[in-house]
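The structure follows.
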Amino acid sequence: MEFIQSIKPILAVLIPLAVIPVLVSSGGRPNVREAWTFIAGILSFALVVSMVPAVLDGNRIGLTLFPIAPGADIALSVDALGMLFALVASSLYIITAMYSIGYMRGLNEHSQTRFVAFFALAISATIGAAFSANLITLYLFYEILSLATYPLVTHHQDEKSKVSGRRYLTFILGTSIGLVLPAMIWCYHATGTLEFSAAGIFTGQLSTPSATVLLLMFVFGFAKAGIMPVHTWLPAAMVAPTPVSALLHAVAVVKVGVFSIIRVLTGIFGVELLSSLGLGGLVAFIASVTILTSSAIALSQDEFKRRLAYSTIGQLSYIVLGAALLSPKGMTGGILHITMHAFGKITLFFCAGAIYVATGKKYLSQMVGIGYRMPVTMTAFLIGAMSIIGLPPTGGFISKWYLVLGTLEGDQAVMLFVLLTSSLLNAAYFMPIFYKAFFCTQAEAMFERKFDEAPVMCVVPLVITALISFIFFFVPQPFLKLSTLAVTGFTGG
Amino acid sequence: MIHYPAIVVIAPLVGALIAGILSFVEERYAYPAALIATGISCAAAVRDLIYVAGHGPIAYHMGGWAPPMGIEYRIDTLNAMVLVLITAIAFLNLAASWPNIKQEMPDRSPSFYAMYLLFVVGLTGVASTGDLFNLYVLIEITSLSSYTMIALGDRDRGPISALNYVFVGVIGASFYLLGVGYIYIKTGTLNMAEFATMIPTLQDSTTILTAFILCIVGVFIKMALFPLHVWLPNAYSYAPVGFARIVAPLMTKVMVYVMVRLMITVFGLDYIFIKLHIADTLVWLGTIAILAGGVMALAQTNLKKMLAYIIVCEIGYMVGGAWLGNDLGLTGAVLHILNDGLMTFALFLAVGNMVYKLDRVQIKDLKGLFAKMPWTMTGFVLAAFSIVGVPPTCGFFSKWYLILGAFKAGAWHFAAALIISSLICAVLFFKVFEVCFFESPDTHDGHGSDTHGRHTTVAIQEAPAISLAVLGIAGISLIVVGMYSKTIVVRLIWPLLSS
Amino acid sequence: MKLLSLIVVCLTGGLLLYGTADLPDWGDPNAPASLHLSNYYIENAIRDTEVPNLVTAVLADYRSIDTMLETAVVFCAGLACFLLLRDFTPKKDHHYRHVPTGVILHVKNPDRQVIVGNEFEDMDKEWLPPDTIIKTVCRMLIPFIQIYALYVVAHGDFSPGGGFQGGVILGSSFILLAISYNLKYLLKRVSEKFLGILSAAGVLVYMGIGLAAMVLGGNFLDYEKYAPIFGEHHIRALGMLGVEIGVGMSVTAVMVIIYINIVSEGKHDEGL
Amino acid sequence: MTELFMLIAAKYNYCLYVILMMIGLYAMIAKNNLMKKLVGMNIFQTAIILFYVSIGFKHNATIPIIMGDHGHGGHGAAINAADYMNPLPHVLMLTAIVVSVATLGVAMALCVKVYQRYQTLEEDELRMRLSEKIKL
């Protein structure tokens, strides 16, 4: 377990950043611009993958960039948890880049160069957040990400996106400056350092009430994790084009929120401190409230993307719940769920986008019998839905499996009940879509039986992600090993 | 024999005089002369900084006389840093402003450059002098030249706001003069360093107390701290753009430097914080300034007025930070002088470009600006993020130290005010971005074009290249100063506090 | 509003009076102010600078950077009046008086000009005939005022006086000319360009002396360094004289500039 | 009561300058006409000059010009500091007078410019004209 000094992490962050001027300058020629996006995506993914073997056998790669204050400087260090998240983000970036070509050209959206440029900026901030070694670097990339996604969310520049952009900012920027900044400075004031360390940075000088307040400030501060009271920005952000909702709101943006909460729970507070003060139960309770209510609301949503948004809020709280269980199995399940949910949910968003590109329909009530017209998309939708619900042949099952084991290990029967009922609710709001798409009578079907899919560039990514989440069930290898490694790092010490 | 402290002040004065002569003889050469003068002054200031960072303070005896008899210019790390800030911004602003000045006052721009350089002389002098009365004379030069240049701006309201500024400025400067008089009566010396050695023996004399209160009130008036800020919004928003870009970032910050100089070297930290009990009232004053500045900025429709109120808010940061009573707060205040100078400079550069092209600064007239002037808006956005306190830019790091100092001193109200003001600034700037981003320029008032996908591609009408280049330099320097804030703090600010 | 300001004023008054509680009595010789620094000036200013007038010695030598910045303030005031008030728009209508017959012509369109010579005479709108008594008395008086002014500038070292006071007297002699005759009469003799350059040249003289000291190796404004050129004897007094002349030049020019611009509101045609 | 009177008698110059200053300050703040404000400003600055000059005075001491045989290299009789007044305040006040003249000049130029634009120097009329200017 030693620290390898290497510039790979910073390169992985800088490549998407460096490609932005090239993208902007080649705005005139779309194909050249798309080619550059791909090159950047593949390069950064290759860099991330090249670091996997080193991380797998237990040591951390890192680099200190700028000293800001004694004990808190901008530094990157790749450990198991960071590596897992970076792998997910960079791999899905390539797939989404392909998908956004199909989508944006399908609807000939305006100012695509600006879209692609901010997309690359958002990804570089996500990878940066994944590799950050301490809380201040994480906060830095968190802020860049929230500001880089604002032009993406409000891409259509119309009245509706203006209102949702305003709500997006008030929640994300408001909570991050209002809650996280003071909390971070409070920690630095109390301990003098912000480095993530296995045993947590508080060596006993934190009383229970102030620890609870600090923890709540962090949990509700990272509004990107969509914990219940601060979640309303996520459904509002669905006004954005689908590639944005797909990558950012299924994978990058929300996952950074959850990732930061896990980092804070394990790196700043430390598992022993949390279990000794009994704060794990509090966070678990908040997460379970979010899971149940969001799954219930998702039932009533008619618009396809809003239903997926509420289901994302629910799934995110699974991850927080896993981390809050403080039992090894539970945390492994939570961390693994980042990957499984990412691939499952992105498939569903791709389906929603494909249907919108092909038929222009947004509302589920208008999608009766769509299976006849777009069978490939709908089967991919089935696999994605099964992965989210947690049925066996898909990867989602494994993470749910570990989560359930975690609740048993930590003998918290209430959490077990919450997990099972929410899985039922997931099934309740996904299965009707699939059922109505294929098994509807001739009279009700709104689409004739002609095979008419979305453009190829939309459907191919769809199929790839569905296949990956299917394969995960059989060989979840890099991610499972990474999550178990991360958990042993936090608990085993 | 290092002459840099003298060159920094003398070069702009020579430039001003030559520009004054040239404005009657050969108008064409006035601008290059001004540019060269500020360039030399900037180079000298940088050499100063390097020398001082390496070898400790320089004491430059004017006229060859030792301090108490003659006047002495003491340059230590604090004013070396401020000097570099002043001369760099003066030089960059001069380079960026000639299109604006040519547009606003075509017939008398050469003598405007002369007055501009006199203003720079005043500022550099204030930042480097070690003599109390000489500081008064330099404050007078700065204010005199700023009175005139403010009146050259807006035809209707320029002279009136300048006149109000004259009355308030004279009261401020005269209070300071009176304070120096009281000091002189009690100690017989005008040199800062020598007065500092005499303070311990005069700890409990009422005259020194009144002298301190008078000096501080005078500096607060010139600094536009909240209750005394009435003159600032009108003065800065009706000033010509070329001048607003240098007075906004520098004038109030140099006055904060004077306050810090009075606290550290003249009266001494232990006299201020142990003997007097006004430290926490002043932190409360800073808090009120922050909140009032933010709230008033929210109510503005004119972009320049809004930025002026943000300056009032930033002054609250520095005053509150300096008076927290611990080294972290003071470090934050000093670092904020540097950062806020850069941020406000970048903001006013962007506003200057907008005024050059649009000639109207009401927020509702800035429709579709992201499409029309993309580079100016990127600079504006970067500076706005720095004011809000987004990490990569330097605004975050000075807020970091200020909040830390507030926690250490237990001044929860000040920390809360800092957070709330960041949120207010976020709301302010995004209110402007919404207008610039969403409404496309040709739609009539009220509703934006909410038809999906159909957008008029607006022709890009950017400001002249030189202004954009300077805006780029300012933007990049925001991030660079942010990244190297630790070296600035450890190398420049902490040796100051320990001495 | 008036009551509020009254309260504020009384408050500050009270603070100031409270401050004077332990001030030394008026005029007592061993007050701290007149012990420490001023005794050094009194005792060895004569030895260092051979200038009996201590005020000029301190003004132009010990604290010479102060006075230089002072002249910069004066130059700034002159430049300010020029910048603020001067407007170059040509005057629309003119009045001419035909000297032999006394007929007054009122020319309306600006590009038709009448040659002002002995036959025609340019005239102010509110024209008041120049009273011959005032004209002749002033014509006689002005040269003596100017000579006295130069004396005051030159004798700043020995008798009370110096650059500022002499410059003001010289400036007021020009203003007297403008008042007794009319502004155009003065502007013919002392053009605006000459005044502008003179005001800047004054400060440049002061600056030049300082910079030359730097070039010769000393600190800024250190007159000792001229010794190799001008000889050891009275070197500081010479330096001070040069500085006083610079100050006198710029103060004269600025006084006249301020008068001209304010009186004619920048149009430089009719004055008081 | 008498020692209070003695105190006032000994320090009457400070009381004088404070009264003068308060008059100037009041005029600057409360007066309606701009020119009267200028006059108030001038009184205010002259009061401070009076204060400084009164610091320099010493009983039975002459003006700070050293007369007679002490000159030429100072080898003459030693100069007794007590019988010459303190020169430093006079130097400072030379500078302060020039500053007040310069400020007065600039302020007057500004008043001329305001008058050129609005034909009035009364504060309330100005405010009225300003507001109606905004409306049109």
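For clarity, chains are labelled A, B, C and D in written order, and residue numbers in each chain start from 1.
In this section, a residue touches a chain if its C-beta (ideal position, glycine included) is under 8 Å from a C-beta of that chain, and two chains touch if they have at least 3 such contacts.
Just so it is clear, the model here is predicted, and its values are computed rather than measured.
Engineer: B-D versus A-B: which has more C-beta pairs touching?
Structural biologist: When the contacts at A-B and B-D are counted, A-B has more.
Engineer: Quick one: report the Å distance separating chain A from chain B, using the average Cα coordinate of each chain.
Structural biologist: The separation of the two C-alpha centroids amounts to 43 Å.
Engineer: Could you put a whole-Å number on the gap between the CA centroids of chain B and chain D?
Structural biologist: Chain centroid spacing, chain B to chain D, equals 29 Å.
Engineer: Which integer distance in Å separates the CA centroid of chain A from that of chain C?
Structural biologist: Centre separation, chain A to chain C: 75 Å.
Engineer: Could you please state the distance in Å, as a whole number, between where the Cα atoms of chain A are centred and where those of chain D are centred?
Structural biologist: Distance between chain centres, rounded to whole Å: 71 Å.
Engineer: Quick check on chain C: which residues sit in contact with 2+ other chains?
Structural biologist: As it turns out, chain C has residues touching two or more other chains at 16, 20, 23, 31, 33-34, 37-38, 41, 63, 66, 70, 73, 76-77, 80, 84.
Engineer: If you look at chain B, which of its residues touch at least two other chains?
Structural biologist: Only 133, 137, 140, 144, 147-148, 151, 178, 184-185, 190 qualify.
Engineer: Let me make sure I understand the interfaces: which chain pairs count as touching?
Structural biologist: Every touching chain pair, ordered by label, is A-B, B-C, B-D, C-D.
Engineer: Residues of chain B touching chain D in their complex?
Structural biologist: Residues in contact with chain D: 133, 136-137, 140, 144, 147-148, 151, 155-157, 159-160, 162-163, 166-167, 170-171, 174, 177-178, 181, 184-185, 190.
Engineer: Would you mind writing out the residues of chain A in touch with chain B in their complex?
Structural biologist: Chain A reaches chain B through residues 65-70, 73-74, 107-111, 136, 139-140, 143-144, 147, 151, 154, 156-162, 165-166, 169, 173-174, 177-178, 181-182, 185-186, 188-189.
Engineer: Contact residues on chain D for chain B in the complex?
Structural biologist: Within the complex, chain D touches chain B at residues 25, 28, 34, 37, 41, 44-45, 48, 51-52, 55, 88-89, 92, 95-96, 99, 102-103, 106-107, 109-111, 113-114, 117, 126, 130, 133.
Engineer: Okay, in this complex, where on chain D does chain C touch?
Structural biologist: Residues in contact with chain C: 10-15, 18-19, 21-22, 25-26, 29-30, 54-59, 61, 63-67, 70-74, 78-79, 81-82, 84, 86-91, 94-95, 98-99, 101-103, 105-106, 108-110, 112-113, 116.
Engineer: So in the complex, which bits of chain C are touching chain D?
Structural biologist: Interface residues on chain C, with respect to chain D: 1-2, 5-6, 8-10, 12-13, 16-17, 20, 23, 25-29, 31, 33-34, 37-39, 41-47, 50, 52-55, 57-59, 63, 66-67, 70, 73-74, 76-77, 80-81, 84-85, 158-160, 162, 164, 258, 261-262, 265.
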